[in-house]
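The following blocks contain the structures, represented as structure tokens.
Below are two complexes that have subunit A in common, paired first with subunit B and then with subunit C.
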Partner chain A sequence: MVEGKQKWKAWLYLAPAIVLLLVFTVWPIINTVRMAFLEGYSGLKVAGGESFAFGVGNFVKVIKYQKFLSCLKNTVLLCVLTVPISSLLALLVAVFLNSIKWLQKPLQTIFFLPYVTNSIAIGMVFAAMFNIVGSFYGTDNEIIVTAGIINNIIEFFGGKAVNWINYGSSYAANITVMVIYIVWNALPFKILILLGGLQSINKQYYDAAKVDGTSRRRIFARITVPLLSPMLAYVVITGFIGGFKEYTSIIGIFGEAMGPADAAGRLNTMVGFIYDALSTNNQGRASAAALILFGIILVVTLINLQVSKKRVHY
Partner chain B sequence: MAKETIKTMHERDISAERTRSRAVGIIAKAFCYAFLIFMALVVLFPFYWMINSSLKSLEEYRQSVPTFWPQKVLWSNYAEAFTAASLGRLFFNTAYVGIVSTILSLVITILSAFAFARLEFKGKNLLFSALLATMMIPGELFTITNYSTVTNLGWMNTYTVLIVPFLVSVFYIYLLRQNFLQIPNELYLAAKVDGTSDFKYLCKVMIPLSLPTLISITILKMMGAWNSYIWPRLVANDDAHRLITNGLRNAFTDTTGDVNYPVQMAAVALVSAPLFLVFIFLRKYIMKGVSRSGIKG
Partner chain C sequence: MKVELRNVTKAFPSRNKKSGEEVIAVNDCSFTIPDGKLIGLLGPSGCGKSTTLYMICGLQKPTKGQIFFGEDDVTGLAPENRGVGLVFQNYALYPHLTVKQNILFPLQNLKGADKLSKEEMLKRAYETAKLVQIDELMDRKPSELSGGQQQRVAIARALVKMPRVLLLDEPLSNLDARLRLQTREEIRRIQRETKITTVFVTHDQDEAMSISDFIVVMKAGVVQQIGKPQAVYDDPDNLFVAKFLGTPPINVFNGSVKGGKVYIGEEAVLSVNGVNDGEVYVGIRPEGFILDENGPLGCKLINVEVMGRDVSVVSSNPASLNPTIRSIINADAGVDHDAETVRFSVKPHKLFLFDKESEKRIRFEVK
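This part shows the complex of A and B:
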């Protein structure tokens, strides 16, 4: 713009970033795709001097793998359950927060708190809340000392204690605990975004509706939701992307076993599958699974964008 | 006569309508507050339970009827947790990795954001779009190859392996570039006329003007070090370099069964405390940074 000397100077400014990006971002993209298409690629076998045939064997193997299907099922189930629940709850909280003055700031801070937590650490707190202390194998002669605070609360209201995460707990109970934890964890970000969106809606729309005597429900459905729809779409799309990468929240509650004591690995997810393959030196399988995950995220995001194109009012 | 009746009837209608809508308003407000306070309690409950449990004796925790505040407050759980999980070492490692990677990352981000915002060179827009495109790819895809790369470089179980691979964040470059672009070009040209060098202009004008964004980046980066789990577990899970989250998970492997929860909860509280302190003092920057980033850590 000002002088020609700048041309090489710009690259000087960019040099550190570009070098690191080439090594840790660009090369991985190329190499991961390469490893995914080399049959049975493994770091150990490379060291042994083996070479690999080109093909789609890794993908076929991954898709046929029973464990992978279970991981895919868990991931999709958690996504489909948590994204709508957390988005709806966040919408309600944001709309209500926006309509009050007294206590608005303190409540807003409280609702943001779960964001500044370590998902493993707080997962351990949730595990403590749901755990039946003293139950190891679910046999009759065990001395159960306390059923855990959540079961205490359920019993207080006249319900029956549930085996949430201990030995012999049901899949449905495990998933319920995970959904509660993930929703709890996902709320702050969604509330923050939606409340920001609500506060930027022009007050004139509401004044005009008031003059016309429009009912609250109609105002919500015809003004708030349409004007908030870009934020809603954003929250849902990022929710799905994050949901497909669910992993650490399960480690937080169930530990590295990824399931109750009698069914280790039952709650494993796609990301967990990739890391399991990686830590057993099956890079080919890990790469293929990562590409499948990328493909799924891409397709879901495109569908989301397509749907929001029709529904979102900008 | 008839006219008057109609008028009073009309007034009565209006006042009835007013009281009705006021009543509806009050009920709606009450419902609103009831819902929000209920949700706030749900959000706060795990924190409360963490602190409550961390101060109990094991006997008290194991009572079949829970107590909602410890009968005898037992601070010794915290001391026990600190030594049991060797939290001192973990805190040091995490702080070291967090601080070094934040400083280096800020330098790299500032330099490249400046190049993209103010300097002219061939292929600038193409390069920038290519960088943005990499943001779509899930991190797991990079991790697989990076794992082999750092093994080949001999970086296993070092601080380097925890710092270097994540120094460049395309998102931070993007965020800062947007901020730099808002600074009027006239300032730059004026500085050029005065013979100020690019680098001096960057240090004296652009950095001070973008301080809020830089603070947001710093906090998010530090939170990232504090919360990272997957990568450190893969590449640096030895006693000398282990980070806090891995240390916590390793020290308390049992989640179900008969766990010594008071000590475990004390450890969790100690690990969570720094994040809360940062949040209390820098709430504004965190919330601003998060609302623009949409990423955790």
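This part shows the complex of A and C:
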């Protein structure tokens, strides 16, 4: 047992951290829940001395909101597309990197670059790469000049330039760009984790498999993937959690309009929706949306954990 | 399956790129392993015994020389085409697979004409499991097994595909003392039952001597001596082999030969024929001493350790290279525990002479 005086000392040392956590983490969470259940809660109205009735009105309003449903759709779509693609690609790159000796270090550095680069900056570069410059859109005098390297490549191989992100671009094209950008941006962290995992696998398993004449495909499927499964699970779960918080990537490419010039807000996400609600002083609605997002992430993570219980070998 | 190594050399590139010197792990190694025998590759750590094993296995390619299985040259063959089973030092059982899946794993790799039906695979797996007595543990994961059980699973996994040669890398080093004794008997039994040519690597001479049909003693990548354990023990070719085999180890003295007599210090312990005069090392096995009041060799008594049947007399002599001299004497001989000095005479066939320069054995006839 710790002596009484010792106990006080312990609490004293813990106090700075606890106070900060209470003020900046615990209280905001409690306050979010409170605001979410106060009908039509707004910072402005609080200042005006109004009081709010308790109820689930905020949630009802949010769910009925067309903009919210579109945000939800974008978020889920990006998540479902990018997490499997980036995880799989990261696995392949990691296995490839791990199997070569020559150039491993320089390649590792190249693959890791996106991680240390500002994501807004990356977004702007991507926007430039996918750019298409056109004017007099939709008229007979429409002029299209392709300045983006992607379209230049497509045209070089005899294809037709695609309007990826500019005025008049299609939703599918926008989403394609976003998926490429998010996957590329998510790769380095995943590669790092998986490469670490691969390097910690005992080489003797591979020697044993070699002596037994195991084919490369079987080695990959029966040895590498199962032994890497804890890392894979980690990468997928954090991928989904990160995916549901997607926001800066959209800003990076489309700017604050969150969509092409003729369809502003088309690519908005859940976090974007919450942000918009906050900036228009609808804290009640923002809180309700945040709780819904929290619920979705919770459910998805629980499903992930449930699946990994069967598939992951610790 | 007879296994033959012909002038096998393995050099590893140097770690230090500037000096560019290669590290020679195995140097011009030649020996033949007779069919159906249990062979112990013995030597101190870093002597190239594991490298030799891996070259027989095929995981490492010799820099020079050839390896034959029977009449086939397998030097360039990949491990999976050699028909070898390998048991790793720390077993390398696939941790995510059950014992059954681990044993089935090599069978599921078989292709073409060798391919087995599911029933045949299971049958073979259970037969092998029975042989190593783990048939009741088939649904466990390796982490749920003891060290000895894991060892058996590893042997079963190596045996299940009916290899031509079974290779074991330090098979007992991860087991506790009691289990080690038990498991080495087990390896002996399994080898006798399957009659598969088996090579195992160990640094423990006790282990190698007790179960091998033949031992190969290695030092710094060079084979020192090959033979039946008793023969190598009784007739070592050089000082290293003499020192490496036997517990307690051989007692080595600075000595000389003058006029047909072997001297330790000033004391002539044996008369011999056919040895030139000069400085030599004299090695005497602990059991080569006879307690003898009038014996030629006098030593200062340090301690007498009672072991029941025998006593171990610990003494010292200025000419001894070992810090103490250990001799094993029958307890009936009646050692005086309080005496200041003890005198020994020597059993001639337990005394070996070695050249001071080359440390090679100098053979002699007892006069």
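The rule is simple: the second predicted complex is superposed on the first by the 297 of 314 C-alpha atoms of A that agree within 3 Å, B and C clash if a C-alpha of one lies under 4 Å from a C-alpha of the other, contacts with A are read in each partner's own complex, and residues count from 1 in each chain.
One rule holds for everything that comes next: a residue touches a chain if its C-beta (ideal position, glycine included) is under 8 Å from a C-beta of that chain, and two chains touch if they have at least 3 such contacts.
Keep in mind the model is a prediction, meaning the values are calculated, not measured.
Asks: Specify the partner with more touching residues on subunit A, choosing between subunit B and subunit C.
Replies: So, of the two partners, B touches more residues of subunit A.
Asks: After lining up the shared chain so the two structures overlap, which partner does A:I303 touch, if you call subunit B first and subunit C second: first, second, both or neither?
Replies: Touch status of A:I303: no partner.
Asks: Touching A:F96 in the superposition: subunit B (first), subunit C (second), both, neither?
Replies: First partner only.
Asks: Given the touch rule stated above, what does A:G196 touch, subunit B (first), subunit C (second), both, or neither?
Replies: A:G196 contacts subunit B only, not subunit C.
Asks: So, does A:T214 touch the first partner subunit B, the second partner subunit C, both, or neither?
Replies: Only subunit C; A:T214 stays clear of subunit B.
Asks: With both complexes superposed on chain A, which partner does A:Q204 reach: first (subunit B), second (subunit C), both or neither?
Replies: The second partner, subunit C, only.
Asks: If you stack the two complexes on chain A, which partner ends up touching A:L227: first (subunit B), second (subunit C), both, or neither?
Replies: In the superposed model, A:L227 contacts subunit C only, not subunit B.
Asks: Quick check on the complex: what are the subunit A residues that touch subunit B?
Replies: My answer: residues 1-2, 6-7, 9-11, 13-14, 16-18, 20-21, 23-29, 31-32, 35, 43, 89, 92-93, 96-97, 99-100, 103, 107, 109-122, 124-129, 131-136, 145-147, 149, 152, 165-167, 184, 187, 189, 192-193, 196, 216, 234, 238, 242, 244-245, 247-248, 251, 253-256, 260-261, 271, 274-275, 278-279, 283, 286-287, 290-291, 293-294, 297-298.
Asks: Where on subunit B does subunit A make contact in their complex?
Replies: Going by the criterion above, the answer is residues 28-29, 32-33, 35-37, 39-40, 42-44, 46-47, 49-50, 53, 61-66, 107-109, 111-112, 114-116, 119-122, 124, 131, 134, 136-149, 151, 164-168, 170, 173, 189, 192, 198, 223, 226-227, 229-230, 234, 244-245, 248-249, 252-259, 261, 264-265, 268, 271-272, 275-276, 278-279, 283, 286-287, 290-291, 294, 296.
Asks: Help me check something: in the complex, which residues belonging to subunit C touch subunit A?
Replies: Of all residues in subunit C, those touching subunit A are 57-59, 78-81, 84-86, 88, 90, 92, 94-96, 105-106, 108-110, 157, 161.
Asks: Within their complex, state which residues of subunit A touch subunit C.
Replies: 202, 204-205, 207-215, 218, 222-223, 226-227, 229, 313
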